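Every chain is named by a letter (A, B, C and D) in the order it is written, and numbering of its residues begins at 1.
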Amino acid sequence: YGKNTIKFLRLHREGKKHFVKEVEVCTHLRLISAQEYLEGNNSLVIPTDTMKNIVLVLAKKNGIPTIEQFAIDICKHFMTTFCQVAYVKVYIQEAPWQRLHENGKPHVHAFISVPDGIRFCEAEQCRNGPLVVFGGIKDLKLMKTTQSGFEGFYKNEHTTLPERNDRILCGELFCKWSYGECKDFDFDCIWNKIRECILEAFAGAPDCGEYSPSYQKTVNSIQMFVLSKVSQVQVIELILNNVFYNVLDMKNLGLINDKEVLIPVETPYGSCACTLGRK
Amino acid sequence: YGKNTIKFLRLHREGKKHFVKEVEVCTHLRLISAQEYLEGNNSLVIPTDTMKNIVLVLAKKNGIPTIEQFAIDICKHFMTTFCQVAYVKVYIQEAPWQRLHENGKPHVHAFISVPDGIRFCEAEQCRNGPLVVFGGIKDLKLMKTTQSGFEGFYKNEHTTLPERNDRILCGELFCKWSYGECKDFDFDCIWNKIRECILEAFAGAPDCGEYSPSYQKTVNSIQMFVLSKVSQVQVIELILNNVFYNVLDMKNLGLINDKEVLIPVETPYGSCACTLGRK
Amino acid sequence: YGKNTIKFLRLHREGKKHFVKEVEVCTHLRLISAQEYLEGNNSLVIPTDTMKNIVLVLAKKNGIPTIEQFAIDICKHFMTTFCQVAYVKVYIQEAPWQRLHENGKPHVHAFISVPDGIRFCEAEQCRNGPLVVFGGIKDLKLMKTTQSGFEGFYKNEHTTLPERNDRILCGELFCKWSYGECKDFDFDCIWNKIRECILEAFAGAPDCGEYSPSYQKTVNSIQMFVLSKVSQVQVIELILNNVFYNVLDMKNLGLINDKEVLIPVETPYGSCACTLGRK
Amino acid sequence: YGKNTIKFLRLHREGKKHFVKEVEVCTHLRLISAQEYLEGNNSLVIPTDTMKNIVLVLAKKNGIPTIEQFAIDICKHFMTTFCQVAYVKVYIQEAPWQRLHENGKPHVHAFISVPDGIRFCEAEQCRNGPLVVFGGIKDLKLMKTTQSGFEGFYKNEHTTLPERNDRILCGELFCKWSYGECKDFDFDCIWNKIRECILEAFAGAPDCGEYSPSYQKTVNSIQMFVLSKVSQVQVIELILNNVFYNVLDMKNLGLINDKEVLIPVETPYGSCACTLGRK
């Protein structure tokens, strides 16, 4: 049980310069008891309202240097404060506020929301177990308009999909990775590096791209690239929900459509997920 | 990998009387191979487009007597047709069309959407494993305006919630149960019975209700009641996402608010989940 | 300017029997002044926070017999209390709570959300003008699986739609009507009657239905039927957003699909709107 | 009547470099006739399916240099092709694809979705009337963490809002402007300039900002600034839906909250709209 979507803004000021972190926190606990379910005995139950208070108090006292560090703080607080807690899990996502710039000059206190990939994290711990931290990015929509195909697949009497060696590849990406043993990571730096790795592995070189023979291979290539470039990542999970773009047949309208007009097919949509760890 | 939200309507006619099932199907497979991820070798990959075709062909050939039976049909088809499939999972939800009635008379071909609890199911199977079927209901919003409280809970310096013995209990319910070994169940009958059990256990007797000392106890009571009344259910999972209704303090407006005006607090919201099986 | 989505529950008790109205209120004003825009002079500005307080106070004091009556109360309050108000408009929609029934017996304090058509209303008034009240229903999803066609339409070189005399007609309906001079209407009774008229005009007789030659004609038929049956309605506006169901061509899958499997086309969707008044 | 959300991607290639415009088009017509409503006579009705075809054909033939130009093309086509059209209105919004950059280098065919303000436009024309074009931006979320207050407002017994001279100003902005007589505008250039004007007028100077005494004044300042800087704009409409950030009282948690932890209040939300033209 727990409290979901505890939303708040943590404002930090350094003179006239302001820094904002707006977050959404979910905190879930499992207790060592069952009496609250079986007998309605609430004596060990920490109200979800108290969970909310704790999150807000920690934000006020510690600030939010990174959402990952804040998730660790919350986990530790629950484990050390309440001996009836058997398991704690914290999820945090960050609102994508970016500092406004005017003619290249950063504004001291104005921000704009730029939701091009949402940063989130998780931290969880069982009593007597290690504290595990996950980083992540979601709602990242990417497209490449060529250098993608799908051929040589399995066929039977229910196959109607034609082979294609030049199609649009477009999808929404969800990526989550674990940090293994928690030391003093530079979470901001790692997150930015992983985001860059994802974009680079998805798109290929700026002048020519790189051919993708399937969603599966692209998913794997991104994972391999991140693992090779970012040593702190232990396990990486990737989900690619792909929107298919159908080249509209315009023959009955008297036109030849040379992949100029394409219709996005939002439902049904394909999905490809893979989890990859180090040996 | 798989195909999500394959939406279609299956129309069945008996003379002038029409019957509709509009469904949304998600089909996911895990193959025995890894070469499609590692090498871009697609030779064993069943395109998600083919999955969609198979779902539509089965719907056309077999009809959809119940979504549970249809999920079983799809699972079996993938397992028996494709030896490269290691695991198959099917999720189906049903659009809540109900036959229109005019002055009590059922209409032969007109329907209205009544989304008061969405019926869904899952079926999954590993190669050489049993086919497991789940039934479920989701998006069921219930409220009781008294006979609910929360007292005697754990308190410390972060507790600000007052004890209450008369509050509103309101939440959105998600319930999923497994059927164990799949025999010839009457899925329609069981689903309706479980829905009734949920409503009855939530609300209590029509003339007086039943006191709920916590969300946890209510969740457990519903589960126990379903298990006691419906022998086909093996394991039952329940999630109650609760909306808190805050009695507005109107003193600064010169009024005493005797639980007449209440403000729903949609974020953050509490959540309580429990899974219960038979011994 | 104004306040949107003021959500609250008004609970009314008669002994053990409870009655609920959960509403969402939007209140908008236009002032006689422009100085707040031009000079930042707020001296005539009624804060949107005060608007919210007023709505809650009126709900507490008067209750909500019907949302229409409550909208009228709010309008009148703003017009009579604030001489700087040039125009007021109130929109209210009602959460679709229905009393739970167990074996036909109504429950004293338990409710279920049944969103099969949302009731809403508007009231507006200009200073020195009449108070105009509108009733409405929205998000009403209806379907008929035959007795609908579309033939004889205008054709040119861009027409690819075939003529059809047996298709599915499915849509989401928005309907809003004005009551003209505001007397003591029985708003509950009228709203229910109009809802029934809409269903009846849409569906036709229960045993055979009625043929619809176009969305336009169906929209008009519903309007004419309401105007003929409900004398209090002065003007009626209707919008029908239709979802097209495409009969899937299964020839390439070796099957003949006799309108058994249909794919809903959610985007793009057609829309048909018409406003009709009395002479 | 018309067709809504006609979604498609227009791909344009110059050698290896690709350019994308993904749009959502809504096309609405009013005909000179009423017989389709009254008699079910469809002879003058242009099917919404044909409207969709026309939009796609024009995209294929003309491309989409800008959405504004494309809206004009569609309007003109309907007016000149169909003499039964009395009025045509076209709405287009553009998906926020931006070219990917790797280490500052633009990618030839990879794109990322960056929804920080959606560009849209409208064009409408009555038979024998002028073609009017509107540009717009919506879903633009902005925040400033100081230099905002609200004081000196009208007070009575329902006022509980305290005066504040240092609050957060945060809102979602909708802006739409008309271009007057349609000549050869550089729509891209103007749109970008207006967006910059909005940001600058909202935020003030980068090093100190500018004090906002109310949402009304900020709305007006933005409008005045756009009108002064962009001569092509005739009339400008602005709606600011503001999210209030409540400074959490943490006294009962033993803490003094110096505007460090703030809770966004998403419902109810205030709204402020104003339309301003040139003399």
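Here is the rule we go by: a contact is a pair of C-beta atoms (placed from the backbone, for glycine too) under 8 Å apart; a residue touches a chain by one contact, two chains touch by 3 or more.
The chain lineup, named per UniProt: A, B, C, D = Uricase.
All of these numbers come straight from a predicted model, not from anything done at the bench.
Colleague: Counting one step for each move to a touching chain, how far apart are subunit B (Uricase) and subunit C (Uricase)?
Modeller: Graph distance in the chain contact network comes out at 1.
Colleague: Comparing the two chain pairs, does A-C have more C-beta contacts than A-D, or is it the other way round?
Modeller: Pair with the higher count of C-beta contacts: A-D.
Colleague: Can you tell me which chain lies farthest from subunit D (Uricase), using the average of the Cα atoms as each chain's centre?
Modeller: B
Colleague: Can you check how far apart subunit A (Uricase) and subunit B (Uricase) are, centre to centre, with Cα atoms defining each centre and the answer in Å?
Modeller: 26
Colleague: For subunit A (Uricase) versus subunit D (Uricase), what separation do you get between their C-alpha means, in angstrom?
Modeller: Distance between chain centres, rounded to whole Å: 28 Å.
Colleague: Using mean C-alpha positions as chain centres, tell me how far subunit A (Uricase) is from subunit C (Uricase) in Å, no decimals.
Modeller: Spacing between the chain centres: roughly 38 Å.
Colleague: At which residue positions does subunit A (Uricase) touch at least two other chains?
Modeller: Correct list: 7, 53, 57, 158, 160, 253, 267.
Colleague: Which bits of subunit A (Uricase) are touching subunit B (Uricase) when the two form their complex?
Modeller: Per the stated touch rule, the residues are 1-7, 28, 36-50, 52-54, 57, 81-82, 84, 150-156, 158-161, 213-217, 219-220, 241, 267-274.
Colleague: Can you tell me which positions in subunit A (Uricase) touch subunit D (Uricase) when the two form their complex?
Modeller: So the residues of subunit A (Uricase) in touch with subunit D (Uricase) come to 7-12, 16, 18, 20, 22, 53, 56-57, 59-61, 97, 100-102, 105-116, 140-147, 168, 199-200, 202-209, 245, 248, 250, 253, 255, 257, 259-264.
Colleague: Show which residues of subunit C (Uricase) lie in contact with subunit A (Uricase) when the two form their complex.
Modeller: 157-158, 160, 252-254, 266-267
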